């Protein structure tokens, strides 16, 4: 290659400058007579919100062949500590689809194939992998996209293109409220769960109890806090202290110490297992403090109990659960899951997160089956909105969906740490709004 | 010369390539075999993001490659640019170009402000200090005091970019093509500007600085001024890149700029080639396309899924060993090849020569296979 | 006289640049030999080849009858060759005494090392005064003394000196060369000295070699070289 | 005042982990002048090795065995992957260590899976029946100030390593040679030091200290493939704050980072504890560009 002469460069620059001017002219024009309110989400203006009319969704069959239904998902599988989620949920989903493909020949004669894009838990990478799945691989739907910020990055794209966005793996409220017809949530949302925890405190502790919160400094923690506040409303019990932490931090020594200094009577925590373990361990072992502790269901994993210390420090800690824990080995659903993982799991272990993966896969299969032989994007959404009283093999409560309710799991139970596992107790708490 | 014209034409017509059936099926078949991702509308989007990263990486290369200052927190500048743009677009009726210009100026100012105290820091100390900036950035964005503008951990969701109806543009291009041009035009301009800058007096001063601060001083280069200038220029690039990032992604959040991403910026410019515009281009290509290609390669070899990141790691190490000056350095070396030298190389590549080269490897020497022993009378060496 | 060093028809290169093109020279026991030549003539490359830092592509290097052209640098030091490198290369962040101790790194005779340390201090009393100071704080001349002292601590039988006068004031240079001459006499040490300043080098040397573009252009006794017209013209004026 | 003391003690107990990681980083920097980004992942990996040993033997034998294994892994890495880039620009070795980071993380995921594993606290040190209770037992309490026994133990181990390193670097020939190698490899060769061997040794030692750090971290927090992801950054901050070539500085630096973080969380705003802590680090560095205890380059030209 020779060095280019200056003349050409001037030309390129001129051309570029011309484009630039054009760009300025366009964008200002766009703002002058555009929609006026730039903040208004485009989704709302496009999707007709009246009634059951799904006709705006084309009867698109991208990804459907005579023998196959091709679906995609975005999950963190590497380069992030969140890879812990992806690397367990994905095998659970894949194993169940493989099981259905093998034993039942798939759904209505079509085998389900799941492609997973590794987004490293970075929203911009989510954008890339989802576009690749949609535009290049031609998937029919996105299933169980994980992460709040990650999914937000593609939410609008999926909505505008009317691509079924099924059962997002996050408890954030923004995907299901307000309703976007093509998007369905899966996890119970953190506000509902927080409300249940708040109600539990209001019912079981005397008036004047001082509640201390420990929350992760993001939407997960903030939604939980909102929920707890709403549950406590009118009970005469208030949150007196709120401590936050960043997800990179797993040592809660300082936060627990400050809660102790604030002299709280009960601790409610929106923490991940690592931080929950550190919270319990520090309170019980270092500070010798037997304050009641209630943690979010996100930490309802045996590992939390192990991390809390081997001297039974977690004993009596309360959490919520919405799926049967793997520790209940006598449960038929769990037994079946362990069998499926052994046969189709490709060496991955059966864990609470692989149970989660299977439960999402079960719901997906149910919806595809209901959509019938002539499956397309419109009738899949219709089928999803008609799910009633569906009880997956590992679920605690039934799932109900409707045109006005896109929240899948809204029923959960309280659980208490006994020995090395969580034991369900009390009645099921349901926020189900679909009749 | 002809190469540049072809490249220009390619960039100009690329978004329409996939609408031409013959070219489209060619691009798709390339994708299918290599995992690249250049075909279809997805290919256009990939190329658009390439433009975004090109601006950012060109800026980082000015700082690290030319002036020799290592920044591990470059993502923080990108975030600053992205947030300035997003906030302006979200909360005011600022036109895009003005918002990006504001981002450029604002970020350059931040770069200058950080560059001045950083003057005293060198090498790993500077690297870790900049790492501190990217580590604390998410917490800043989520802080109560600023969350009114930054929308806290939820992030700012912008409406997706639509092709304007002005001049009937929407009859010629769809949204993805519009996005492509609105990114690629500034990206090309900024790359050319960087290329000119590095050949100017300023560029030479940067290089002198990198090679020896004392030497540069003796040449009459104002060391503090130029070091800070490098910071500011590179931050300006990051600001523009961040603005384009916000526009193309139509979403920014504190999670959008991870620590590892900032480190990866550095990795790709080293792999592309430091102190080279071609290196920055290669870095951007690597940054955008490596995921797909690595995945495909690992698939072909039959690598277990969980080991794919290791596959990438091995690749990094091999590239560093084979091409210590980055791929651009390798290209430079290949360019100087004359037929005679090629013949010579081929002649040298006889098996015996290869073996002796292998035996020269430190590992071989360690294992007692090295040629050092051939004449070494000191066999008693422990 | 016993031959300490034999350098026979040696070729060496840096990448594709040939540095030595068939150099042959000899150093005998207790003898000071000067290596003269212009910049880039191959003087430093010769020393680097002897020390093992540069591997010859062809030719033979022998030290006390043993081939060393494929021997690792650290092994060569152990065999009895020390180099005082160009630009001194002291460990600036370490103290004077740490530098000297490093000189004796290859030796295991602790008591003798202590005696040698005292002897270095007698040659260079200033080093004794500053033994606890960081080497980087010493003046250029003192650092040169430290570099020589460090080389002596290995108890070499052949000392290689690369441009000991570089960047030093004339008065210091003379002092250092006097000490070098003294050391050579007292220790019976063979010395190969590379020097730009030919008159200084020939002042203490018995023999001299003149290198030009990687080959030996001239070899004679020091006295003859001093008288030689071509040397005069090239290096003494 | 009591509250302040308590906050400082809490900071120290958090910082004890940072300190020990910082120590490993300093060690590798001091003996090879490379900043090793794979340090955390290497420590994580060797801790998994300890974990698999623990399935077969008691704590202390498993621990010692891991240190030996880690030493060889470190030395082997230097020889196989670092040596070819020894002469290349400095950034290349950083990229290679990042490659190692990816490899260790991925291999650990493949070999040990994504699940967190509970890791036992170290046993107390017993000779016969007499035990030195530094790892287990009741927390130390004085008034409202409490520090867990495990954190005391970790601090104790960090100090012991520091003293051992100090003695080795300053009073042994080997330590001197290692320092010399990092400072000036060519001159080191000329005084007869086998530079390659020193570099390999440096990596081996750093990996061994890293293994100790990993075991301590795992006992205090957990064992999982991402256990070092957050901590490494604080370790780096501690190492740099203390001065990259000073083992004592690493400990003070690591502890300071913990203390800054806790104090900032308590007295400024717990929502911005990291930001405040890193701002302090940045300011300290600007005032003292080679850290609190780093040796400044002295050179008279």
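A, B, C and D are the chain letters, set down in written order, and residue numbers restart from 1 in every chain.
Please note the rule applied: a contact is a pair of C-beta atoms (placed from the backbone, for glycine too) under 8 Å apart; a residue touches a chain by one contact, two chains touch by 3 or more.
Everything quoted here is computed from the prediction, not taken from an experiment.
Q: Could you name all chains that are in contact with subunit A and with subunit B at the same time?
A: Chains in contact with subunit A as well as subunit B: D.
Q: Report the chain whose mean Cα position is at the greatest distance from that of subunit B.
A: Relative to subunit B, the chain with the farthest C-alpha centre is C.
Q: Calculate how many whole Å lie between the centre of subunit C and the centre of subunit D, each centre taken as the average of the chain's C-alpha atoms.
A: 42
Q: Rounded to a whole Å, what is the gap between the Cα centroids of subunit B and subunit C?
A: 48
Q: So, what's the distance in Å between the C-alpha centres of subunit D and subunit B?
A: 31
Q: Could you grab the centroid distance between subunit A and subunit C? Build each centroid from C-alpha atoms only and quote it in angstrom.
A: That gives a centre separation of 72 Å.
Q: Specify, in ascending order, the residues of subunit D that touch 2 or more different other chains.
A: In subunit D, residues 102, 105-106, 109, 233, 271, 273-274 touch at least two other chains, as defined above.
Q: Residues touching two or more other chains, restricted to subunit C: which are they?
A: 72, 78
Q: Where in subunit A do residues touch two or more of the other chains?
A: 78-79, 87, 217, 246, 248
Q: Within their complex, state which residues of subunit A touch subunit B.
A: Its residues touching subunit B are 1-2, 4-5, 8-9, 12-13, 16-17, 19-20, 22-31, 38-42, 77-80, 87, 118, 120-125, 127-128, 131-132, 134-136, 147-150, 152-153, 155-157, 160, 174, 217-219, 222, 246, 248.
Q: In the complex, go through subunit B and note every residue touching subunit D.
A: Where subunit B meets subunit D, its residues are 64, 70, 117-118, 120-125, 127-129, 131-133, 135-136, 139-140, 142-144, 214, 259, 263, 266-267, 270-271, 274, 304, 306-317, 320-321, 324-325, 361-363, 366.
Q: Help me check something: in the complex, which residues belonging to subunit D touch subunit B?
A: Interface residues on subunit D, with respect to subunit B: 29, 35, 37, 79-81, 83-85, 88-92, 94-96, 98-103, 105-107, 109-110, 196, 233, 236-237, 239-240, 244, 269, 271-275, 277-279, 281-282, 285-286, 289-291, 301.
Q: Mind pulling up the subunit D residues that touch subunit A in the complex?
A: Those residues of subunit D that touch subunit A are 3, 6-7, 10-11, 13-14, 17, 102, 105-106, 109, 113-116, 118, 120, 138-139, 146-148, 220-222, 224-227, 229-231, 233, 261-262, 265-266, 270-271, 273-274.
Q: Contact residues on subunit A for subunit D in the complex?
A: For subunit A paired with subunit D, touching residues are 78-79, 81, 83-84, 87-88, 217, 243-244, 246, 248-251, 253-255, 257-258, 261, 273-274, 277-278, 282, 285-288, 303, 306-307, 310, 348-349, 351.
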